[in-house]
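After the structure tokens below, expect a handful of questions from me.
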Amino acid sequence: MNHYIKLVNFEVKRFSKLYLSLIIAVVAAQIIGAIVTSSFYVSNAETTMVRDQMTVSDYILTYGAYSLQNFLFSEYFFLSVIFAAALLMIYVFFIWYRDWLGKSSVIYRLLMLPTARRNVYFAKLTTILLFVFGLTAMQIILLEVVNQITQRIVPDQLWMDESIIYIYSTELLDLLYPQSPLLFVFYYVIGITAVAVIFTSILFERSYHLKGIFLAFIYCVISVGIVMVPVIVQIITNYFYTNEIYLLVTGFSVLTTALAIYLADYLLKRKINV
Amino acid sequence: MIEVKNVSKKYKRKQVLKDMSFTAEKGQITCLIGINGAGKTTIMKSIMALTPIDRGEILIDGKKISKDAYEKITYIPDRLTMSPNYTIAQSFEFMADFYKVWNEQRATELLAFFQLDPNDKISSLSKGNTAKVNLLLGLALDVDYILMDEPFSGIDIFSREQIANVFTSHLIENRGVIITTHEINDIEHLIDKAVLIGDGRVLREMNVEEMRETEGKSVVDVMREVYVG
Amino acid sequence: MDVKFNNRDPVYVQVIRHFKEQIAKGSFAPGHVIPSRRELANQLKINPNTVQRAYKEMEEQKLIYTEGNMPSCITKDETVLKSVREELISEAVQVFISSIKSINAPLPEIMELVQKQYEEAEQRD
């Protein structure tokens, strides 16, 4: 357990510089985005109201008031989230490959540690999870900051306050912050499973090289198949309630993750090649 | 004792190790001799379970390798095994964190011996100094067995002398050492056993003093016999 | 200590020979403490196991002795010291005799030449 924690510490510290840069970039993009979209709306509204001789209520009736959703549907928000997601996705691969690349072969050291090799796997998995949670937690705070900034730019009459529940059911947000506990567990279990399957696929490639890529592909197909079993059963028999399907898929996902870990353990112990 | 028993391994269609067998005793320096590609590095990696073998077995003190074995045996490859962004001091912390057998005192001693600055970033070091750090990280572990892959390669002649010094010092005393090298001339007097490897198999395994006593031959003589004659 | 070892004769034999030479020359005085196994290995740049073997042989040949836990010393036994000198001299004489045997010169002539050259060498030193 001790070694596992130390490895998590090691992995987190390695990525922290890049992670910090990412956070700064996202924060900057969203704050700038918030300022730009709200200022643009306000100046646009003022110009239109003068030009067309409209009152504020007329304007709101015709063009709509400004709410946080305006920001949420802007490219600034969308792109910053996609960018962060893409970077983390790349790191899901890079967190392994970086140990083989370059002049220094850290993988030698990781595999020669007096600890079960699966701890290396767990540490990397945990690290990805921590970084994802970190970003999603940060986003909640950031959204509130954006909210405050926006309210200072947009005059009260043009501002439409919306409930938090409503805000968080906007497209991208409802994916990151699902409102039903079942959905929350579902999304995050699927997410963990996906990362675990990718990790094990990487280990197939590192163990068997070209042949490994084929094996990895087959393995991915099998994994997806296992997760989809309840869905397929449902298509055939139409027996389950929707909630039950989510539950079942979650369960089969956990099974798939267990398989991923089992295979990873085997590959790391017996087949891995530096 | 490290026992390599009938180890065979294929890698990408090439039979890299062919029924290889030899032993390396604790308290002795065993030298694996062979040209590049003969299988020296591969067998070392196999001993450390850094690459799989197809047939045969490898025993360390009678047991197959396990995670605990890494507190008894260490491998110093020809590449760096630490994050290059770390300073030397940070690499010490890392090792101390994971290895119970990390000897901080010995590490500091070696630091002075090699004249290295603990606050230097590893990535900023010259090739020779990087090799020294590598060596240091292995030697500062209180392990029974040390595997060194070409410890003399890429190092200037004065550093080589330093390393030869290391071999006759308390740093190596009582440990079992397996080294591979091209520079057999520098170390003929330092080794106990020579294992001549060619094309993935052991061509000759011999105690060097015995060879001198019984046949009056040096290691280089035997090499000539085995590889050319 | 700058001793050159060849690669074909057993190194431990060469170490013993080196010791015998130093004893015969008087560089290693009787009772002189000899370096530890590891120290000598480091000085001579050879394998400590080789030094171990040499020391063991020398102990058996009574060239060195060890009292309890004290470091080993050169023997003080006059008989042994004398026989070492004699051994080395006799070896050198053997080599000399076999190399000039074929020339077939009479012994007095040989002895005269030996004396002359020996005295010349002494003066030079």
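Read from first to last, the chains carry the letters A, B and C; within each, the first residue is number 1.
Quick note on the criterion: a contact is a pair of C-beta atoms (placed from the backbone, for glycine too) under 8 Å apart; a residue touches a chain by one contact, two chains touch by 3 or more.
What you see is a predicted model, and the numbers here were worked out from it, not measured in a lab.
Seen from the Cα centre of subunit C, the chain whose own Cα centre is farthest off is A. Averaging Cα coordinates per chain and for the whole protein, the chain whose average falls nearest the overall one is B.
The centroid of the Cα atoms in subunit B and the matching centroid in subunit C are 36 Å apart. Taking each chain's centre as the mean of its C-alpha atoms, subunit A lies 44 Å from subunit B. Subunit A and subunit C have Cα centroids lying 79 Å from one another. Residues of subunit A touching subunit B in their complex: 3, 6, 10, 14, 102-106, 108-109, 111-117, 207, 209, 269-274. Touching subunit A in their complex are the following residues of subunit B: 12, 45, 48-52, 67-71, 74-75, 77, 79-85, 94, 97-100, 122. Residues of subunit C touching subunit B in their complex: 5-13, 38, 41-42, 44-50, 53.
Of all residues in subunit B, only 27-29, 164-165, 168-170, 173, 188-192, 209, 212-213, 216-221 touch subunit C in the complex they form.
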